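Per-chain numbering from 1; labels A, B, C and D assigned in written order.
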Amino acid sequence: MSLALDLFSIAAISAGVFFFLAGTVGLLRFPDALSRLHALTKADNLGLGLIVLGLLPRAESLLAALMLVAIWALVQLAGATAAQLIGRAVRRKGPAI
Amino acid sequence: MTEGASAFAATAGGSLLALPILVPAAGVLLSFLLGGRQAERIALALMPVQFGFAVAIASLIWRSGQPLVYVLGGYAPPLGIALRADGFSAVMLVTTSLIMPAAGLYARTNFATPNDGTERRAPLVFWTLLQAIQAALSLIFLGGDLFNLYVALELLTFAAAPLVCLDGRPETLAAALRYLMFALFGALFYLLGVALLYGAYGTLDIVLLSRQIRAEPAVWLAAGLMTAGLLAKTALFPLHLWLPPAHANAPAAASAVLSGLVVKGSFFLIVRLWFNVLPALPNAVPEAILAALGSAAILAGSALALRQERLKLLIAYSTVAQIGYLFLMFPLASGPWSAEAFSGGVMQALSHAFAKAAMFLSAGLIAESLGHDRIAGLGGAGRAMPVTFLALGLGGLSLMGLPPSGGFAAKWLLMKASIEAGQWVWAVVMLAGGLLAGGYLYRVLAPALSGNRPQLKSPPRRSRENVALALALAAVLLAFAPPTFFAFLQIGRPAAGAALR
Amino acid sequence: MSVLQALDVGLALLVFAVAAWTVFAPGPFAATVGYVVYGLLLSLVWIRLFAVDVALTEAAIGSGVTGVLLIGAAARLRGAETTPAEEALTGLTRLFAAGLCLLVVAALAAVVLLLPDQGPTLAPQSMERLPETGLGNPVTAVLIAFRSFDTMLEKVVLVLGVVGVWSLAADRYWGGAPGEARAERPEPTLAFFAQMLAPIGILVGVHVFWVGADEPGGAFQGGAILAAMWMIVMMARLTEAPQASAFWLRLALIAGPAVFLAAGVAGAVVAGGFFAYPPGLAKPLILFIETFMTFTIAVTLPMLVAGPPRREPRR
Amino acid sequence: MSSATLAGLVGAALVGLGLYGVIADPQPLRKILAFNLIGSGVFLVFGIVARKGAAAGLSADPVPQGMVITGIVVAFAASALAVALTLRLFEETGRATLRPDAGTKPPDDGADAE
């Protein structure tokens, strides 16, 4: 049982790290602000989500697990807002970044 | 631990030491809360109280012949914080509590709240921060813990910097920003040294540290960093660049406090550092460096003062020079002549505080009455406002080191010590500095006392002239300090023991 | 080299690289953004040093609130980014500066390497006297009991900071409100975000303050989180900064140091010394003081970020 | 090398970087950033001192930690005051520079002397 959970954790966290990596590459390589934003938000949310998912079985208590989920939810909220605001700023002032 | 216990046996009346810090701090909070005219009322009402504390502390030290000690919160160092007052602390406290009310009385005209009681920006800020300077200086003079003293340094910076740009002109803003940058740099370097000392000895209490200090790399680096930081705050040449624009552009009452007292705060800490924390170090080389920088400050500051076109800038540059004298005590204050040199250094700090405060207040009156402070336009002004120029001239006596003045006593003591120590070079520098001071004061006073009386925009108020004159007379009176005064200065001075080595 | 060591080295290099970026970045705005990233990385370093209280403070104040302050300043200073030619330093001065800095780094690094692995410490004394305070977190005990005098005075420094910042107002704005006025139609995304986040953040801030007695956290960290919530609501322009002349604002700004100072003086009367706590009553008294300190920090930090009053006072 | 020593070396390097920024960059905002770098370097030195004082069941000496927390708050207040001064100077003059106006000081000690 614990082996299966460990394998699950490793798989989920590795996948999460991959999405972070992909997002970072996209941020650095994509040509304009909107597509960079696209790379960043999609990958980050998914990446963090997978890492949190992988960490859940390792949480010491239900409270700790809830905190992990809460962190993910808060990052979702902040990330979505920041992306909205940046997107709006790009539309207003042109994609000069 | 038994050794530690004896150092922190609470002395009778030790709790008095917390009051000169806490009372003005409470004044700051109340002034800001109540605002309007209350700030001025609270500030002025607390000044005699502060004088009472200072005198009470001095008389307790005098009667017991021992430094006063107080442990805060019942947590003895190294875990907690102690306050300590020796003879030097007490005279600095008394001096502060005399100059503050003078600046306050003078400033009432400039920083009055209108009759309808509407709160105005400059008065509220001035009266609040004046009390903050008082609290910070008290803490600097009484603090026994190096980190606590860091907080005191920051308190002083936050209180002093906004005063520089109180009138909001662009050049005062630049001067204040520059001052703030130098002060922040100084505080951070001081703090870095504090970190290293804690890392080496696990305590920041001055007495406990002085017992453990050995000459090792961490201590040398800490000493160098802390001294460099404090020198930047004291504006010793070549770190003086911030001082003239800051002190010359502040309102006169603030200039008097900044030039007379605030720079003495960080100087006091340098003395504490080298005489109380690090007496065990072989300190001939660093002390010679300090004195060499002091000499350079005397010569460069005086020479720059000679070239100034505005009176307040001239006085500010003379502060750069007079700060230099303070550092001549360092190479002289170990050895059989140490008591003289130490007394000379302290006397210089006191007489410069009174003299410079008097001169800045006089310069403020001159600028208000004439509508400018250009030296070229001072012709005959001395005839139109004789008391003001008398105060300016009497203050000048101390700068030149002519008798009778506290400055004369200071320079005489330092010169005697340097000749006895066979270190002639400092004596020569002092003589040259005196001559240069004579030169720049002549440039101001000679035209002012001859020529036709100019038309004054408004004659200075007699009460304000008297305030400046009283400060100048105090600087003169210091020349007549009795021997018991010098004996008092030696109370708690650890270098007295080091002299035997 | 273990994995953890490799992570440490990587973190150290990353912190150094981002710090170098903030010094050498081409524009001030880019440098400032670099500084915020740097602050977050630094709080990871603090975790690795087992100083969780400091890590929280660094993340909340050193990186978070300072970041808002500096980014706001960088944005307003756009247009002043170019350095006039006469102020650019000559190559020689730069070389001299670099030499001086290398000297400082070398000396400091040498001393750091020479420090013994097991250094002098006050940890045993702190633990010995911790029970008197009734607290479980020794860092909180240092701040509110052993060295409470420092902490009280540092709160006075914050008040002076507000006085200093306000003193830069134009005379006609004295007593008015700093920052932007409340918007008729706030930016919807930001408003939604602020409305969602603020209640959660306030809960977290109070929680961090409350657990600070026994676990990492406390007045500084909790207060900073509460401050951030107020700042977000103001940034969304759902509300506006209060007038500088408002009595309640002044009271909030001084409440922390004032209660602390009053308790310190009361100690002289009831507990035999300034800043002493009466035995047995220490913990409730400490929590009482901390409550006011948290509140004052929550009000002070946004006021320091908001800057001097910029609108004429309403009477 | 322990992670504490490593952090100490980073602290030393940060002090140096910050000092260079303070001296070499004439823009006040960049100087403020550099001051913050020096500050965090100094705090890290406190941090390794704390870590090396691990004893009595604590993994770090709490006293230097308390000092760092105090220091971080003071550093923030200092940044706020410096930023406010810089912005006001910019509003008044249209530029943000530390050079005082010509005439109030001799021409030979320019910005390079900071």
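Odds and ends about this structure:
Here is the rule we go by: a contact is a pair of C-beta atoms (placed from the backbone, for glycine too) under 8 Å apart; a residue touches a chain by one contact, two chains touch by 3 or more.
In this text, all values refer to a predicted model and were calculated from it rather than measured experimentally.
Least step count on the touch graph, subunit A to subunit D: 2. Between the chain pairs B-C and C-D, more C-beta pairs are in contact across C-D. For this pair, subunit B with subunit C, the centres built from the Cα atoms lie 31 Å apart.
Computed from the mean C-alpha positions, the centre of subunit C lies at a distance of 14 Å from the centre of subunit D. Rounded to a whole number, the gap between the C-alpha centres of subunit B and subunit D is 26 angstrom.
If you average the Cα atoms of subunit A and of subunit B, the two centres end up 57 Å apart. Contact of a single residue of subunit A with at least two other chains is seen at no position.
Looking at subunit B, residues 79, 147, 151, 154, 158, 161-162, 165, 168, 173, 192, 196, 199, 202 sit in touch with two or more other chains. With touch defined as above, residues shared between interfaces to two or more other chains in subunit C number as follows: 108, 115, 119-122, 126, 146-147, 150, 154, 157, 160-161, 164, 168. The list of touching chain pairs reads A-C, B-C, B-D, C-D. On the side of subunit B, the complex with subunit C involves touching residues 15, 18, 21-22, 25-26, 28-29, 32-33, 35, 70-75, 78-81, 119-122, 124-125, 128-129, 132, 135, 139, 147-148, 151-152, 154-155, 158-159, 161-162, 165-166, 168, 173, 192, 196, 199-203, 217-218, 221.
Of all the residues in subunit B, the ones that touch subunit D in their complex are 79, 147, 150-151, 154, 157-158, 161-162, 165, 168, 170-171, 173-178, 180-181, 184-185, 188, 191-192, 195-196, 198-199, 202, 238, 241, 244-245, 248-249, 304, 307, 313.
Those residues of subunit D that touch subunit C in the complex are listed here as 2-21, 23-27, 29-30, 32-34, 36-37, 40, 43-45, 47-63, 65-70, 72-81, 83-88, 90, 94-97, 99, 110-112.
Remark: subunit C residues 187, 189-190, 192-193, 196-197, 200 touch subunit A in the complex. Subunit C contributes residues 107-108, 110-111, 114-115, 119-122, 125-126, 129, 145-150, 153-154, 156-157, 159-161, 163-164, 166-171, 174-175, 245, 247, 250-251, 253-254, 257-258, 261, 264-265, 267-268, 271-277 to its touches with subunit B in the complex.
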